[in-house]
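Structures for review follow.
One chain, chain A, links the two complexes that follow: it is found with chain B in the first and with chain C in the second.
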Partner chain A sequence: MSNAPDLKAPKKAISHSTLGRARRWSWMFQRISGVILILLIAIHLTMNLVMGDGINQIDFAFVAGKLANPFWQWFDFLMLVLAMLHGANGMRMIIDDYARKPWMHATLQWALRIATVVIIVLGTLVLFTFDPCPAGSDPSLLPSFCEDI
Partner chain B sequence: MTATAEKSAEAGAIPSMTVTLKILRFDPDGLDGREPGTEYWEEFQVEAHATDRVLDALHKIKWEQDGSLAFRRSCAHGVCGSDAMRINARNRLACKTLLKDLNPAKPIMVEPIKGLPVEKDLIVDMEPFFASYREIMPFLMTTGTAPERERLQSPEDRARFDDTTKCIMCAACTTSCPVFWTDGQYFGPQAIVGAHRFIFDSRDEGEWDRLEILNDKAGVWKCRTAFNCTEACPRGIEVTKAISEVKHALNTGEI
Partner chain C sequence: MWMWVVHRTTGVAIFFFLLVHVLDTALVRVSPEAYNEVIGHYKTPIYAIIEAGLVAAISLHALNGLRVIAVDKWTWALRRQKVLVWVVWIGFAIVMIGFLPRHLMHAFGGA
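Coming up: the complex of A and B.
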């Protein structure tokens, strides 16, 4: 058995600036986004599956009708971004814990970052460039307001 | 006090039972034709009383059956913290665990605590654990000249960190932590308990030095509140609560 290493001299007192560390913000973000997501997802599920005709109401017309409304566009955008960042942050910690080999760690972290960005960009594009009334489709499948155009 | 010697012996007789212990052994030297570094399970049958502890059974094995069995123990009464081991998949002190509380009808599984390098049988290298403890500077830090008399403290100020003064550094909490198992970088619950004891001590002035260390990569933010540490602590310290109080201090900047 080797002897105990020498104790390091105590460091100088450090101000509250140490509070601004990435680890702490990642922890805070996880908690805050989690609480907001519970609310958003509860509203999302209630609106889609409980209100109105419940699960039977979901078809192209219903989704197109919702995405034509800027409120639901921004609601879904917030849900998309928070869910992706919350999930990615959690996955990042799992990779930190379990990927021991440096190359595996780096590969997984980059795969995660790329997947997160791609899904957020793709989802945002869908939300804001969605056409609720595609030309030449069966009017019975489209939301009611398409007739006015 | 009229009972005869014979009768009192009968009345005081403790029921005895045969207990099977299944011990995870590690042989670094390769004795009896084994490869050096072999890990294997070995079963022992022990005659034991209902009042016996796991440590008594281990003693019986070592003294009467197999002297090569290696384990640590010092005071044998739950004070020194030497004999933490994984008994029936839970970290406990062998000297504080009664055999009758473990369902002696089934073999009792005894393993070394996890996450630290095993040296022999139930003995692990505690150095990484102690190194984490040293990192958080577990000593009183003050400024100014030392007072001539003791540093006084109100009972309320003392009560603030009472829970974390109970730590005996047995490593049961740290080696029950799933983050400690996977990630060799994490300080582990014990170091945070040790820091908590000084951070919330009104006489100590090094709290921000310690909080700075615990705000680091390997610090409190690695904690996933799995509560394994609180369950494992043989002293009943609310370890996860102590870690959360450190997180709270870091989040609010107030102690």
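Coming up: the complex of A and C.
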């Protein structure tokens, strides 16, 4: 009986990671942001659609009254950033799955990146440069505290 | 498989709504009149139905997301993943039974 051939060591060590570092982070981020977003959006919808007059109460005075408070500014900022990144990350995977032609894939991924950055920057500017009592506006459209200014 | 389809379609729908929603809210920076004019459209019957659909999409995506996390993390959840799909649908029904009457009363009843 002949001896079994000597086993050679594989040229490259086997990686037990199925995803690269970036995609592992994207996987973790999607789960962590998802759980935080459930809490944030549940509060957002309860405040705006369930409490008080629901959808009927939403007007400039309502939004201005909320955004005059730094707590809601930062609440909305966190919700904006997490929701956009969570959504964009999901859309990125969907584009990877379905856009097979390289030019189509590249176009969609860039459109997604640009839209994501534009929406986050625009939303952040609105949240932090917003004036609840703009000068020269019809007072009946403004929150009641504007009368004291 | 079907929950995967549900997760994708609700996710895409919510993403596009989110883009529109940030843009419409950005109108508070333009003028009170512009914001009230555009947001007034959300108070029409057709939008009241779309909002209900949006809340449905969000709660379904949220509950199924929790199921996916559970199935990834715990073996007991992986073994019972079919039961957990039912848990998702029952949780979804409870959320909608809580939300719909109040929202429809706001939208149609003038309450």
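Just so we're on the same page, the second predicted complex is superposed on the first by the 129 of 149 C-alpha atoms of A that agree within 3 Å, B and C clash if a C-alpha of one lies under 4 Å from a C-alpha of the other, contacts with A are read in each partner's own complex, and residues count from 1 in each chain.
Methods note: contacts are C-beta pairs under 8 Å (C-beta built on N, C-alpha and C of every residue); 3 or more make two chains touch, one makes a residue touch a chain.
What you see is a predicted model; the values in this text were computed from it and never measured.
Within the superposed three-chain model, A:117 lies out of touch with both chain B and chain C [touch as defined at top].
Here chain B and chain C are compared by how many residues of chain A each touches, and C touches more. Residue contacts after overlaying the shared chain place A:96 against chain B, while chain C stays out of touching range. Judged by the touch definition given at the top, the superposed model places A:23 against chain B, while chain C stays out of reach.
In the superposed model, A:43 makes contact with neither chain B nor chain C. In the superposition on chain A, contact of A:87 is made with chain C only, not with chain B. When the two complexes are overlaid on their common chain A, residue A:4 makes contact with chain B while staying clear of chain C. Of the two partner chains, chain C is the only one that A:60 touches; chain B does not reach it. Listing the residues of chain C that touch chain A in their complex gives 8, 11-12, 14-15, 18-19, 22-23, 25-26, 28-29, 31-33, 35-36, 39, 42-43, 48, 51, 55, 58, 62, 65-66, 69, 72, 99, 102-103, 105-107, 110.
Of all residues in chain A, those touching chain C in their complex are 31, 34-35, 37-38, 41, 45, 49-50, 53-56, 58-61, 63-64, 67, 80, 83-84, 87-88, 90-91, 94, 115, 119, 122-123, 125-126, 129-130, 134, 137-138, 141-142. Partner chain A is touched in their complex by these residues of chain B: 127, 130-131, 134, 137, 141, 179, 182-183, 205-206, 208-209, 211-212, 215-217, 219, 221, 224, 247, 250-251, 253. Of all residues in chain A, those touching chain B in their complex are 2, 4-5, 7-8, 10-16, 18-19, 21, 23-24, 26-28, 93, 96-98.
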